[in-house]
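Chains: A, B, C and D, in written order; residue numbering restarts at 1 for each.
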Amino acid sequence: MTARIGVVTFPGSLDDRDTQRAIRVAGAEPVALWHKDKDLKQVDAVVLCGGFSYGDYLRAGAIARFSPVMDTVIDQAKAGLPVLGICNGFQILTEAHLLPGGMLGNDHLHFICRDQKLRVENAGTAWTSDYTAGQEIHIPLKNMDGRYVADRRTLDELEAEGRVAFRYVDFNPNGSLNDIAGITNAAGNVVGLMPHPEHAVEPLIGTGRTDGLPFFTSILKKLVNA
Amino acid sequence: MSRTPLDTVEHAAETPDVELPWAELGLKKDEYERVVEILGRRPTGAELAMYSVMWSEHCSYKSSKVHLRQFGEKAPESDAMLVGIGENAGVVDVGQGYAVTFKVESHNHPSYVEPYQGAATGVGGIVRDIIAMGARPVAVVDPLRFGAADHPDTKRVLPGVVAGIGGYGNCLGLPNIGGEVVFDACYQGNPLVNAGAIGVMRHEDIHLAKASGAGNKVILYGARTGGDGIGGASILASETFDDAKPSKRPAVQVGDPFQEKLLIECTLEAFQEKLVVGIQDLGAAGLSCATSELASNGSGGMRVTLDDVPLRDSTLSPEEILMSESQERMCAVVEPGKVDRFLEICEKWDVIATVIGEVTDGDRLEIYWHGGKIVDVDPRTVAHEGPVYERPYARPSWQDELQADDANKLPRPQTSDELKDQVLKLVGSPNQASKQWITQQYDHFVQGNTVLAQPEDSGMIRVDEETGLGVAIATDGNGRYAKLDPYTGAQLALAEAYRNVATTGAKPLAVSDCLNFGSPEDPAVMWQFAEAVRGLADGCLQLGTPVTGGNVSLYNQTGEAAIHPTPVVAVLGVIDDVARRTPVAFQEEGQLLYLLGDTREEFGGSAWSQVIHDHLGGLPPKVDLDRERLLGEILISASRDGMIDSAHDLSDGGLVQAVVESALLGGKGARLVVPDGLDAFTFLFSESAGRAVVAVPRSEEVRFNDMCGARGLPATRIGVVDGDAVEVQGEFTLPLTELREAHEATIPGLLA
Amino acid sequence: MARVVVDVMLKPEILDPQGQAVQRALPRLGFEGISDVRQGKRFELEVDGPVDDAALARIHDLAESFLANTVIEDFTVKVESADVVAEASK
Amino acid sequence: MARVVVDVMLKPEILDPQGQAVQRALPRLGFEGISDVRQGKRFELEVDGPVDDAALARIHDLAESFLANTVIEDFTVKVESADVVAEASK
């Protein structure tokens, strides 16, 4: 038995097929979910993938957050469903207030695409258990609105509770506060990050590294062992 | 004339003496007379609108057509060609049942006026051409030319253009895998924004722009039609033709990449369910073009009710609707029984779709508005039988003088220090410097199939996950070479793109081009154009790579001053297994560096002559296309058989530029020895064509040498991958840190 | 029909690189004497029917829940009266 | 110190994908009765010294040459007086 992991397609989603591929490469079964359906097809976990949902025209993720599928995702995430938000998915999670803080335009005002070095700060979430805390990895990053901001209190809380899951190393590509690349909710089932692990699962493709695969093997193990 | 009575066909027939503003719409007197002759009466306003846009230079290729014919006449035999010139884009067979379509187009002028939107809609337009062939777009490329790097206006134009290309392409989810950035004062008022796209499909999915089958419905879908890019049509829309008040209609269109992304997905879904008989994108000339081309390529006629076109601006006149260049629209021909399903798919993707007409069994294109027939034409006369000009051309009087001003006679560096200094200047000059500041604004990774992207010699995309089948593309063009000799310059562009593809291990298959020139009304420019086309057509014949399509952009000039003739050539290649691709970066210390090809004293048009002497004169490097072909075969075999671990073609900047790039990318230096028979200066800076530098693992040296020897390709051992500097023995040593600073700081310094 | 304008600006404590980029460019363009620039968004809503208190309250809700992300942004809602329009247009 | 506001909006005849995206989302959010939405930019400039006609003229130039691209955008310049600010703030 393997795990069924849903990947939501919003209008403007771009990395839905890549994310499905990454899930397959990890050995799980990808399930396509559609933004107009409230039904999650009984998946064991959900990935909100990268892209420009609704063109990101108002704010990244702001319109997608109000889609029917998100009503269910929000309810079930609060009840413990593992949810990973990658890039636009992360932005949707903050807009939906499943994760604190917000995402703004990169401080240099340009889109940036690069092979980014990160440190895994929290290997205790549903999506990071196949890493070790402190491990440094390279994951492609590509975004326009990757600057994580939150008020001082929220930042202090995130830091104190170990909820900064990933931090940029050597170079902060967007002006994120505290070099934050990704965070988790208190329960550890909802994780969001800007870099794209689904683009780092095959040795030949992209930057040629597979540092992103553990995201998908982590959740698979958790679900299969559960 | 009062416009109160609708200018129907009937009305036109009854009022033969009405004067129409044909000149304001850009038609010449004899062209207008030809329209009257074709119709046997004066045209209606709507007909005039259609003929004027479709017979424009941009749509009819009236100045270039007589020359472009050579691409067909001289086309090499090629089994790969599935769809040739004349369709939205050419299609080539890449094996395993896959077909690839690709094309390059220009969006030069709009990008000067509004850099962001001009460039963005350029990407949007070329991508719709790809979708219209039935393919899923898989990558884009962007050959760009700007004015002087340090000119203040470049700081306005370049960041906007780059943000626009990125903003649109990134939002569509298309990896940007290659292009060019060239600075030259000649492009100051006429930057060149060319954009190319590649799409992949199965053979059976190829679609063509034709409307056949009487009774089939014509469906317009995508964005609503607004007053974008209407230009002259507003004259027709004004109350009286003579009170042609300044147009309120924008000359620049704003793109909506999100809408286009939806268009891609819903079109592909409709293709998948086999719902589409014929399809055409709406680009230049909008509905005028789409309806007349669909109808003239099909078997029957077409009837369209313009009132059914969804509008963004309800005040538009029928002429304006016909000419509108609103972006993100497509036109499909669908059998009646499949219309409901087609509309359902559009609705699923929140795309507006409307039946606006149907295919008839006649041979006329008829368009109705408010119940009256405002267009009744033979669509072929609109789409295909536009004027053809034999424009006079003549070798410019200054050409001899320019060629006599020999770059080989320029003062050369006298000491090792001077040589070293010039190397640093070269690798840090705007044209040779790293373009990372630009290319990192583009998504390279989206779709998860990018094998190679910037700054590799060509971009490479995996087509099939199981077999590893892939395609590669490179675009090149050197306006300086072409200025010195347009025939040779065009062949050098072809040769370089071909070489770039082969260097990555892919077999070059086919060519697309974007020919950017000044005014065709200047015989000197027309000569440059004629020579470049002749050179490209001859070159493609010799290399066995047919031209599958392309684009011509004329009138790139400010006053009397034309840009350098700039033929940009895109070469598409195929590789059986992307695992065999050859990267640019040095991989391992100790590997042996071989220079393939012959090095001559060739400095005309070179980067060295530009950077060090601000000079343009003499002759460009010689072209030997048989040698290019041989070099390509060796590079492909060597990659397939694992004899080389990295390779970089030599082009502008010569050997030293290539070695520095491979070293910086791999983070490994090189020790070079000047080969016998060459001086250090020529060795480092010459731009002789047909060359590449490869890194050979020691274990493969014998086998590699044998192969080159047997095939008759000169291969000279010039050094070894080693250390953290580039050292030219007996001359100088340049640490990678210093080279990196010189190479990478320039562009951010100018633009950030 | 009336126009209601919603202005959305980043909260003052949040870095506004777009505004800063404008400000940094000013001296190059020969403009002195502007000590700060902030860039935000302006939404013009054309409202059918009367813009009474109830309508404004609803637009306020819309701004709060959708047009602005109040974690990072502040907003204001105002009815654009005819004379303001006249005064403001260039 | 005074605040001058420059509002930049796409010309009415130009497609505004951002405004459209907002408008299309409204019914889903349960908002009816808004027939059109346009989205533009708002620049808040803090001006040192008096905002006299000369200063306004210069800001007008700035808006025309830099803040807006008048090929596709219109702009308005206005001085935000203290009472307008008070009325407008939420």
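FYI, a contact is a pair of C-beta atoms (placed from the backbone, for glycine too) under 8 Å apart; a residue touches a chain by one contact, two chains touch by 3 or more.
What you are looking at is a predicted structure, and each value in this text was computed from that prediction instead of being measured.
Q: When contacts are scored as defined above, which chain pair ends up with more C-beta pairs, A-D or B-D?
A: Taking the two pairs in turn, the one with more contacts turns out to be B-D.
Q: Between chain A and chain B, what is the separation of their C-alpha centroids in Å?
A: 36
Q: Calculate how many whole Å lie between the centre of chain C and the centre of chain D, each centre taken as the average of the chain's C-alpha atoms.
A: That pair's centroid distance is 6 Å.
Q: Which positions in chain B touch two or more other chains at once?
A: As it turns out, chain B has residues touching two or more other chains at 256, 258-259, 350.
Q: I need the residues of chain A touching at least two other chains; which ones are they?
A: Chain A, residues with two or more chain partners: 54-55, 57-58, 66, 108.
Q: Counting only residues that touch at least 2 other chains, which ones in chain D make the list?
A: 17, 21-22, 25, 29, 39
Q: Give every touching pair of chains, nothing left out.
A: A-B, A-C, A-D, B-D, C-D
Q: Going by the contact rule at the top, pick out the chain A residues touching chain D in the complex.
A: 54-55, 57-58, 63, 66-67
Q: Which residues of chain B touch chain D in their complex?
A: Touch residues, chain B against chain D: 113-114, 117, 223, 226-228, 248-256, 258-259, 312-313, 326-327, 350.
Q: Which residues of chain C touch chain D in the complex?
A: Where chain C meets chain D, its residues are 1, 7-9, 19, 22, 25-26, 29, 31, 33-49, 55, 58, 60, 62, 65-67, 74-78, 87-90.
Q: Contact residues on chain C for chain A in the complex?
A: 10, 13-15, 17-18, 21, 66-67, 69, 71-72
Q: With touch defined as at the start, can you tell me which chain D residues reach chain A in the complex?
A: That would be residues 17-18, 21-22, 25, 28-29, 39 of chain D.
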